[in-house]
Structures are given as C-alpha cells and as structure tokens.
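Following this message is one structure expressed as structure tokens.
Chain lettering (A, B, C and D) follows the sequence in which the chains are written, and residue indices restart at 1 in each chain.
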Amino acid sequence: MGKEKMNFLELKEVTKFFGGLGALREVELKVSPGEIIGLIGPNGSGKTTLFNVITGLYPLTRGSIRFKEEEIAGLKPYRICHKGIGRTFQITKPFNRLTVLENVMVGTFYGKEKPVGDRNQARRFSEEVLDRVGLGLKKNHRVSDLTLEDKKRLELGKALSTQPELLLLDEVMAGLNPTEIKEIVELLRRMRAGGVTLVVVEHVMHAVMNLADRICVLHHGEKIADGPPAEVSKDKRVIESYLGEEFLLAAG
Amino acid sequence: MPNKAYAKIPGLVALLVLLAFLPAFLGPYSMHMMILVLIYVVIATSWNILVWTHQISLGHAAFFGIGAYTGALIYNAWRLPPYLDMLLGGIFASLSAVVLGVICLRMAPWALAIATLAFAEAMKVLVIMLPGLTEGAEGVGIPPLFGGGEAARTKAYYLIFGIACLSVLLAYTLKRSKLYYAFTAIHDDEDAANMLGINPTKYKVVAFTLSAFFVGIVGSFYAHYIAYIDPHAAFNIHISVEAQIMPLMGGLYTVAGPVVGAFILTLLGEYLRITIKTGYLIVYGIILVVVIFYLPQGLIGLAEKWVKKR
Amino acid sequence: MDLAIFAQVIANGILTGGLYALIAVGLTLIFGVMRVINFVHGETLMLGSYLTYFLFTLYGIDPFLSLPLAICALFVLGVAIQRFFINPVIDAPHLNQILLTFGLVLIIQNLALILWSGNYISMTTRYSAISLKFGPLSVGLTRVLGLIIAVFLTVLLTLALKRTEWGKAVRAVTQDREAAMLMGVNVNRVNMVAFGVGSAMGGAGGVVTSMIMYTFPLVGMLFVLKAFAIVVLGGFGSIAGAVVGSLILGLTESLVTHYVPRGSGWAEGVSFAVLVLILVVRPKGLFYAE
Amino acid sequence: MGRFYIRLMAFIFLFSLLGPIAQAAETMKIGVILPLTGSTAVIGQEEKRGIDMAIEKINAAGGALKKKVELIIEDNRGDPTVIVSAAEKLITRDKVVALTGGYSSVESLAFLAAMKKYEPVSVWQGGGAVKMDQMYGKERWFFMLHPRSPDYQRNIADFLNGIQPRPNRIAIAYEDTSYGVDHSKVAKGYLTELGFELVTFEPFKSGSLDFSALLTKIKGARPDIFYWIGYAGDSILITKQAKELGFAPKMLLDTVGVGFPEYADSLKKDAEYICGIEVWGPYAKFPASVQYPQFYPKTEDWVAEYKKRYNREPDYWSPISYVALITLTNSINKAGSTEKEKLIAALEATDTMTPMGHMKFFKNQFGAIHQSFHDMIIFQWQKGAKVPLWPKQTAGGKLGYPLPAWDKR
C-alpha cells in the first residue's frame, strides 16, 4: 500500500455470482512484485473462488483483473499460465498416471507460450525444480506412493515448473505437522528470494502471520481488512468474524 | 526402465517377422481372418489414443463408415489408386473428427460417449437419405482390391499389415512424445492441466483427429477388400463396441494392449461362432464380464504382474 | 397450415414422448445415483414385455394386472444385477462399467433368442388398437393408457424422491456421493434400491411396449439408444430433464416426419442433431444443476 | 514380457493349424449360411426349419452320390461382414461342394462380391434386389431361387389396376433398407406407368417405435390405397396405429411383412382385410412331383408334415430353403459328380414340380441367367386365414374392397 511501484497484480471490483449467490463482492487487491500476501478468512469466504477467478477457471461476473498492466479477465487458464501466474490447488491434483518427475515435466513442457522443445533440457530443468521443492530423491516414484506433505511439495513443484512470476498457493500447509510446516515456510521464503511473488491462502495462522508482508481478510466474499499482519490481527471486525479463538489456539 | 524396453525388442521382432511370413503358412480362410484381425488392430489402437485424454467414444463406427464411403464413392467416380482412396478416407474421417471434437469438447466424458454414438447414427441416416450421392440403403459395390483372387488377398494382407504397423507406430511414438504428457495431464485432471499451460480443447481435438485418421483409412480399406459396403454395415454399432472391448481386454492406455485384444477377441469371436452353434454370443458376453471382473487391467496388466512376481 | 392436423401431430409427439419418458426416467435415476451408463436397461424392458405377453397369452392376465407384477419382478432382478454385477465395479472407470453392462446385454438377449425365438409377437386385448376421438383428434387408447402409466409412475417416483427418507438419500447421493457417505447415508443400499427402481421403471416400460407395439428379443435395442440421448439431453440424473427431453424428441420427430418431405427417414437424424445442438449450448444437459 | 509374446505366438500358431485340418471325405459337405441370431433371426430360424426337414429326407433317401450329406451351418448374424467370413470358412476350410442359404440382398451382395474369386456353386434363396441381377446375374455358378423385386411389384401393379372400381390415389411408405428402397423404386415405376397417382412416397426407419406421425401425414394425403413396404414388427405396429388413428383407406397393403403367422396371431381381427404378397402360402395347391415324389409331395401334404413337426404354420422361407437344398443334392446325384461344370449343367436342367411351385431356372430380363421362382400370390386376411386373390386363375375367394370401417371388421 502506498508503494509507488508498478502494479503487478491489480483487482478492481472483482465480483462473482453463482446463480443469485454472491461469492465475491467488489474485491479490490493490489500486489507489488516480490510481496508475500496472506489471504485469510473463514471457510466459504471466497478465497478459493478468488483464485479460481484470477486463474480463469471461473468466468468473472464483473470487475477487472490486471496482471503486469494487462487485462487478463476472460482469458482461459492456460493463457493465464503462459502470462506467468501459477497456482496450487487446496485438494492436490496430481497426475496419477505419471511419475513425480513426469508430473513436473508437464509444466516444463507446456507452461510457457513457447514450450521447451528439447526433452533433455526439460528433464534437467524439471529435476532442478524437484530439488528445489525437496523431491529430488523421489523423482521416479508413483504419485500414489507419496505422503501428503510430498503431494503438497509436488503441487508446488508443478506450479514452479511453469516458471511463474506470481504464485497463488491454496492451503499448502493444511494437514501438515509443525515440522513439515516449518519446512514449507522455509521453502516459500526461498521461492520469494528467487523472485516469485506469492499470494498465500492459509488457515495456519502463526505461519501465515510470520510469512506474509501483508494480510488480506475476506468475509462473505468481501474484503474486510488489508494491512501488515500486526495491524490486521488487532482489527476488531477481523477478530469478531474470523480470528477469535482460532487465532489464539493456533498461536498457542 | 530402458532395460525393460530393450527386453521387449526380440519378442517384437519375432512377432513382426512371423506376421510378415504368415501368408506362406496360412490358408485363404485364415488369411481372411488375419486381415480382419489387423483391421481391428488399427481400430482398437486408434480408439485407445482417445482414452489417453479421458474421452470415451461410442461412435468410432462413424469414422469407419465415413472412411468406407469416401473410399468407395471416390473410387467409383474417379478410379484413383486405392492407396490414395484410403488416405482420403483417413483425411475425411479426421475432418469429421475435428468438427465433432470442437462441438463436443465441453461435454463430460459420459455425455461425449452418447454424443458420439448419436453422431454415428446420424451419419448413417445421412448416407441413407442422400441416395443421389451415396446410393443410399442399397449400398455401393466396388471392384475388388487388386483385381480379386488369392494373390490379391496376399497383397491386401501386406497392405493392411503395413497400415496396422503404421498405426501402432503412431501410438508408440505418441506415447513417448511430449503430446502424451498433455494427454495424460488432461486425462487425470483437466483443471490442473489447464493451469500448467495446456489448452485442453486443442489437445482433445488433436487426440480426436489422430484417433479418427487410421480408422478412416481402414474403413476405406475394408470397403475395397470386401468390395461392397452398405450403411448398416459401415456404421455398425458393433464396430464401436469392439473398438472398446479390445483395448480393455488387452490393457487400456498401453500400446500393446489393443493389439493383443484385437488378436484374441477377433479370433475368439470367430472360434466361438463356428464351434458353438447356438448362443455363442452368450459365451462372448460371459467372457466380457469375466474380463472386467478379474482382469480390470487387461492381459497386459496380468502379464506385468507375472513379470513382477518373478 | 391445417390446425386440426397440427394438433394431431402435436398429440402424436406427446404420446411418443410419454413412451420415451417411461424408459428414460428409470435410466436417468440409475445414472444420477451411480454414474453408470447402463445398457441393461433395454433388456429390463424386453423382459417386462415378454412377462406381460406370456401372462396374457398363457393365463389370460390383463396387462394392467401384470403391471405391478412386472414392476416387482424387475425390481428384484434389478437389485440382483446391481448387487452381483454392478456393485463390484462401482468404483471402476466408466468404460469398464459400460462394457460390463454390454456383456450382460449380450447374455440376456441371446438367452431370450434361444428361449423365445426371434419372432415378433404382440397381443390383442379387448382395448387394444381402440381409437379415442377428441374432436378432430384421433389417438390410440393404449397409447393414452401408456402415457397415463408413464405420468403416474413418474409422479410417484418424484414424490418418493421428495418425501421419503430413501428419496432424500438418493438426492444426496446424486449430488455428491462422498458427502452423502460422510453424512452417514448407506450408499450401497441406496444404489441397490435405485437400480431396482430404475429397472422396475424399465419393466413397466416393457408392459406398455407390449401393449402398444410388439416385442422380440432385441426390442430393448430399439429404445436404449434413444433413452440415452434423452438422458443426456435432459441432464444426467434429472427426472424433469428426462421428461422434457422425451417430449422434445417426441415432438421433433413428429413435426419433422409430418412437415418435411421424406421426413420419417430424416426424423431420427434430426433428433440426434437437436441433441448435439442442445449439448453445445448446455454441455451438461438442460436440467443439470451445477 | 518375452513369455507373453511366446504365448501370443503359440496362440496364433495353434489357430493357423486349425485351418488345414479337414476331415476325411466320408460325407458330402454342403455349406449353409443363415442369419440365426441378430435382428433378422426370425427369418434364419424359419429357413433352418425347412433345411432341417430337407436334410432328414435327403439322407433317408440315400444322401448324395451314396454318401451321407453333412450340412455345415453357419450363423452370419445378418451381418454382411460375417457372411464373408462364414463363406470363406466353408469354402476354404470345410471344402464344401456347394453353398445354400442367405436372406437379405445386402448380405447376398457382400457374399457375391467375396465369392466371385472362388465361384462356388451356390443355390441361393436370399435377396430379391435387381442390383444383384445387374451386378452378378451373369455368374454361371450362382442360382437364385428368390423372386426379384419386379416380380412382386409387377403383380401388385396389375392387381391394383384390376380392382373395380379402380383406385387412383396411392400412398407408399417403405423401410429405409436395401429391401424397402429397391422395392419402392420398382413399385413407383410400374404404378406411375399405369397412371396411378402416388400421393406420398416416404421412407421410414425399420424398427421405428412410433408410426403415428407418418400415418397422420399419409392419412392427410387421402389415399385410396395405403401400400407400405415393411417387415415383421413394423407391419404389426403400422396396422395397430392405423387403426388407432382411424385411418381406413379403401385398402391396406403390405409386401411380405403381413405374411408371417405371428402377424395374424398378434393382431387377431385387426389383421382382417389386410392384403399382402408372397411367393407362396400354405394354402397353395401344387401337385406332387413326378420325378421326386419322396421329396416333393403335394403342397397340402408337405404343409401337414411341417405342421406336425413344428406345430406352426410355415412361412415361405421354410419351403424355399427346403427346395434349395434338395435341388442341390438332386442335381449332384443327377450329375453323378461334384465337378463344377457337370453340377451347373444338372442344375440348369432342373425341371420339376415342388411344394413351392414349378422349379426351373430361366433367364430374366434384368440380366440374371439363373432365376427360378417368380410367380407371386396376393392374398387378403379373411377370418384368420390368408385367402389368395391373385393371380386370378388361382384365386380362392373374393377381395374385400373397399375395406369396412375398423370396428366393422
């Protein structure tokens, strides 16, 4: 906020209705390059829907989404991917018929408009990505043999394989134990250091409060707060509607 | 992995050599059956490509029929070389697949299955109702391939053998190509594939087109070989059904599966027909049920299990 | 345009649509609950029609009396088929299920062919082929009775789905199988009963078929493709969709037959084209709830 | 993986071994191809009844050339692809001396196309399309027992032309198969030639679930005569729905669909006054054969025997199949050899009375050199029985015309 950098991602009056049901109402959001934004809110508040709208899986009812000064609303997901936005899914979506390495190679092959043609080059790059997310040793495993943590890592790896500039992460820490969460947080920090901007949907409060530069809170499809973690965690509406005990529990 | 692939080569070469020298050993009837087997090898292999993208077609008879009619009508009109006819049959089938693919792509797999079935029926109606163009329900006769007779049959065998090899080679190459990654990603999770930069529509149409191409070619080959084609035979739902049963029996998603399935089921079907006089289709049905219950991965899956155990 | 004739064409379309609906409703119920493309449905129709035929010719039992009998018999058969054949592959890919049901079709059809020969048979009751006159309209009594049976059974099924515990469970499973399972719904039981009810509807279709047309061992094949087209058109699992889809198809065929030269030959092709066009606009069918 | 290929190859090898195995020539083998399953199974089974009766008698009379005649019966499911496989098998593997069978023109055309290279002697009862005559009529090895579509339609046209008062407006509907299309074309030619007005000329899908739309259209055209060219189930449904729609023109006429016993059994009094055409009916009165009384008794006796055996009325497919097979074995005996030219000569010399009528091959005007049966009978259902009305000299009753209203039948 207030930073005078170029607007990396800019959402204006983003509104999404399912039938008569408003899932997102006039959401505004600005993301600068290199930021980590935490996106929080109770279940059903519209976080995942917001991701789906940004990535083009759902058509927008109204509003505008600009990425690097270019309108991307209405583009198909694969076009948005080519523009440099990657994402993970809350329920991991691995390609079960492929090995871990092959999963990542899909993104390497197709993630950019001009795909990597050379197979060996693609394989090397994919292996690097796997090393970065800590799956280097499991590259030939079947996806079905992976633990939950590894599946989440694979989600990250697949997203990274498209060489995104902006990454939308949907609950990559859910269901993991504290040690695993720590590892993932470290991984995300490294990714940011590597130049990737992150928007993180997360329920694990202490982790997201630690990680994020800024926190956005969604409630019933509306943005009710936006600011540095310390500020947001004291916001009355946020505590009432969402954080409350849960935050205390998580912090404890 | 590479070792395993090399281990297959001697067997494969032996099989090809055997098939290449088969005409020397077989009587005319067995040759006829082998030609039918190879026709089904092509159909099953081609159909299986579509499955890689999780699209189920119940209407491959449409591509077969389009190929057959293209071949027969063009040959009767202009007497082009049969090879060219077959190529044109494939091209027309592919074109129709592009149209069908573009129309049906947003459908769920089951809806697509029914839509393709309807497409085949609609094509049959079209052929019947346009007798000026197609000679309608009475069917079209064509001079037999290579002039008929036994020598012609051997030639026909090598021709279909070549076509079958090409279609299997296409499947094999595809399986090892970049395209296979896109196909499988779409198969397993279309949204996730989309988010990794894959345009599902495009690759589904590609799969449809490739899948239809060789089926159109063998449709045209069939018309030339049998020397007579009619709408009910060309757009026969049994072709569409066999196209699915064979890969399933052999092993879906694999390259060898449809080939094995086509061999076994064509020969088994004929064997049952001539040995069990009444109700052999009951036995065929029972075999189908047993395969689905006890061999869901097909014979290739079974073979791989054996290999692993050893 | 002659209005009287137009009215007759519409009436024909509606009556045919009613017949289609009777077959399609059971099919869509089965699909909605189990996501199984069930080719056996045509055979339940065939069995229902032979049952009716034999009860009538051998024991003189009126088709209307054999209706509850056929419904019960096919219900039991449907439950058995579900229990022993469909249930084991309920989580298998669609394709395996399609081919499984296809295998069953081959078995049942060819058994029937051996048992009852390939003859086309039909029966004549006191009220068959009697025509009812409504002004200029002339319609067959049995067709109207068939429509009444179709409406009655569809309404009954809809009420059962709305009002009973089983109905609630069916709707829960149709919407989201996993969620229903988590909510404590006995999905296995729901599946079995749904398959039984669907098959019973097919059997009822057979009773009507044997009255208004004819039967032979392959009669199911005449219906099943069209029934699938209707189910897809209406939206898989939607009863209302199946009814509307049936009427659309029935009316399309009737109108095309009457107003297009050589229309009877084109009718089926046109109705398939309509199917594809509707699916282009609504890929999941008319009444598919997101 | 290697083992798997070995197994596969073993399988192929075993199969190829099956080919050359031929039994020692103890018996005289004759191949029969019939649609015993599939949607036309009803015909195939009727044909088989005639063939079963024939083979019993043939072997009781000493077989062919003093050998027992062995039939190898193949089911082709009514599928033209399967008929080719079946014929290939019979000729090259079973080495049959001759072939008989067949049902539809489509199958027959596929059969002929595939068999041209072997030229097996075939006494064939299937198919009536003129296309067969034009494409393969000159084949010396091919003998057609089935009347041609013009035989049917010429008789129909003359019959209609002779009705007093003469009808004028005729509505035609035909099934969308080779059979329906071929017959309708020929019928159109003859009828327009005689000055009839064709008020509709509509195809319908065989196996339609509903004819009310088509019948409403035809009813609206106000024909004197409704003539449909359809089969079995379609004929039953068309009759039912014509009544439901109150469609009662002066005459309802079909080709062969209304000839099946099941037609009248199913419809009872609604079948009354419906007219049809057939090659033969159980009411026919042909005398016994002079040369072969053991095979060809007078029609009445043959029908009685059939009824005793099968407890049903024969349709013409039984006797035509019966005659086909016996013609073949008789000719083998007469030729004294199975050598092709001698056999063809013996077949060409066939001239006998049969329960089906006079059996003799002649050149027809459509290009075929071997056609036999061509007399047709037009009948009307009256009081549950077929009454022959045409040709006039053999008429067994009076035509009910114009038809009474449906409720007065």
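Convention: a residue touches a chain if its C-beta (ideal position, glycine included) is under 8 Å from a C-beta of that chain, and two chains touch if they have at least 3 such contacts.
Owing to the predicted nature of the structure, the values given are computational and were not obtained by experimental measurement.
When the C-beta contacts at A-B and at B-C are tallied, the pair with the greater total is B-C.
For this pair, chain A with chain B, the centres built from the Cα atoms lie 43 Å apart. Annotation: 73 Å between the Cα-based centres of chain A and chain D. Centres computed as Cα averages put chain B at a distance of 32 Å from chain C. One inter-chain figure worth recording: chain A and chain C are separated by 47 Å, centre to centre, where each centre is the mean of the chain's CA atoms.
Residue positions of chain D with contacts to 2 or more other chains are 37, 176, 203, 205. Contact of a single residue of chain C with at least two other chains is seen at positions 110, 113, 262, 265, 268. Viewed as a contact network, the protein chains fit none of the simple shapes, being neither a path, a ring, a star nor fully connected. Those chain pairs judged to touch are A-B, B-C, B-D, C-D. Residues of chain B that touch chain D in their complex: 4, 7-8, 10-12, 14-15, 18, 22, 25-30, 32-33, 36, 125, 128-129, 131, 136-139, 141, 144, 148-150, 152, 226-228, 230, 232-233, 236, 238, 260, 263-264, 267, 270-271, 273-274, 277-278, 280-281, 299-300, 303, 306-307. Within the complex formed with chain B, the chain D residues making contact are 1-6, 8-9, 11-12, 15-16, 18-20, 36-37, 73-75, 79-82, 84-86, 88-89, 91-93, 105-106, 109-110, 112-114, 116-117, 129, 131, 135, 176-178, 180-182, 203, 205. On the side of chain A, the complex with chain B involves touching residues 55, 57, 76-78, 81-82, 86-87, 89, 93-98, 102, 105-107, 109-113, 115, 119, 158-159, 161-162.
Residue ranges of chain B in contact with chain C, taken from their complex: 51, 56, 58, 103-104, 106-111, 113-115, 117-119, 121-122, 125-126, 128-129, 241, 244-245, 248, 252, 278-279, 281-282, 284-289, 292-293, 296.
Taken in their complex, chain D has these residues touching chain C: 37-45, 173, 176, 201-205, 207-210, 212-214, 216-217, 220, 232-233, 236-237, 239-241, 243-246, 260, 262, 265-270, 406.
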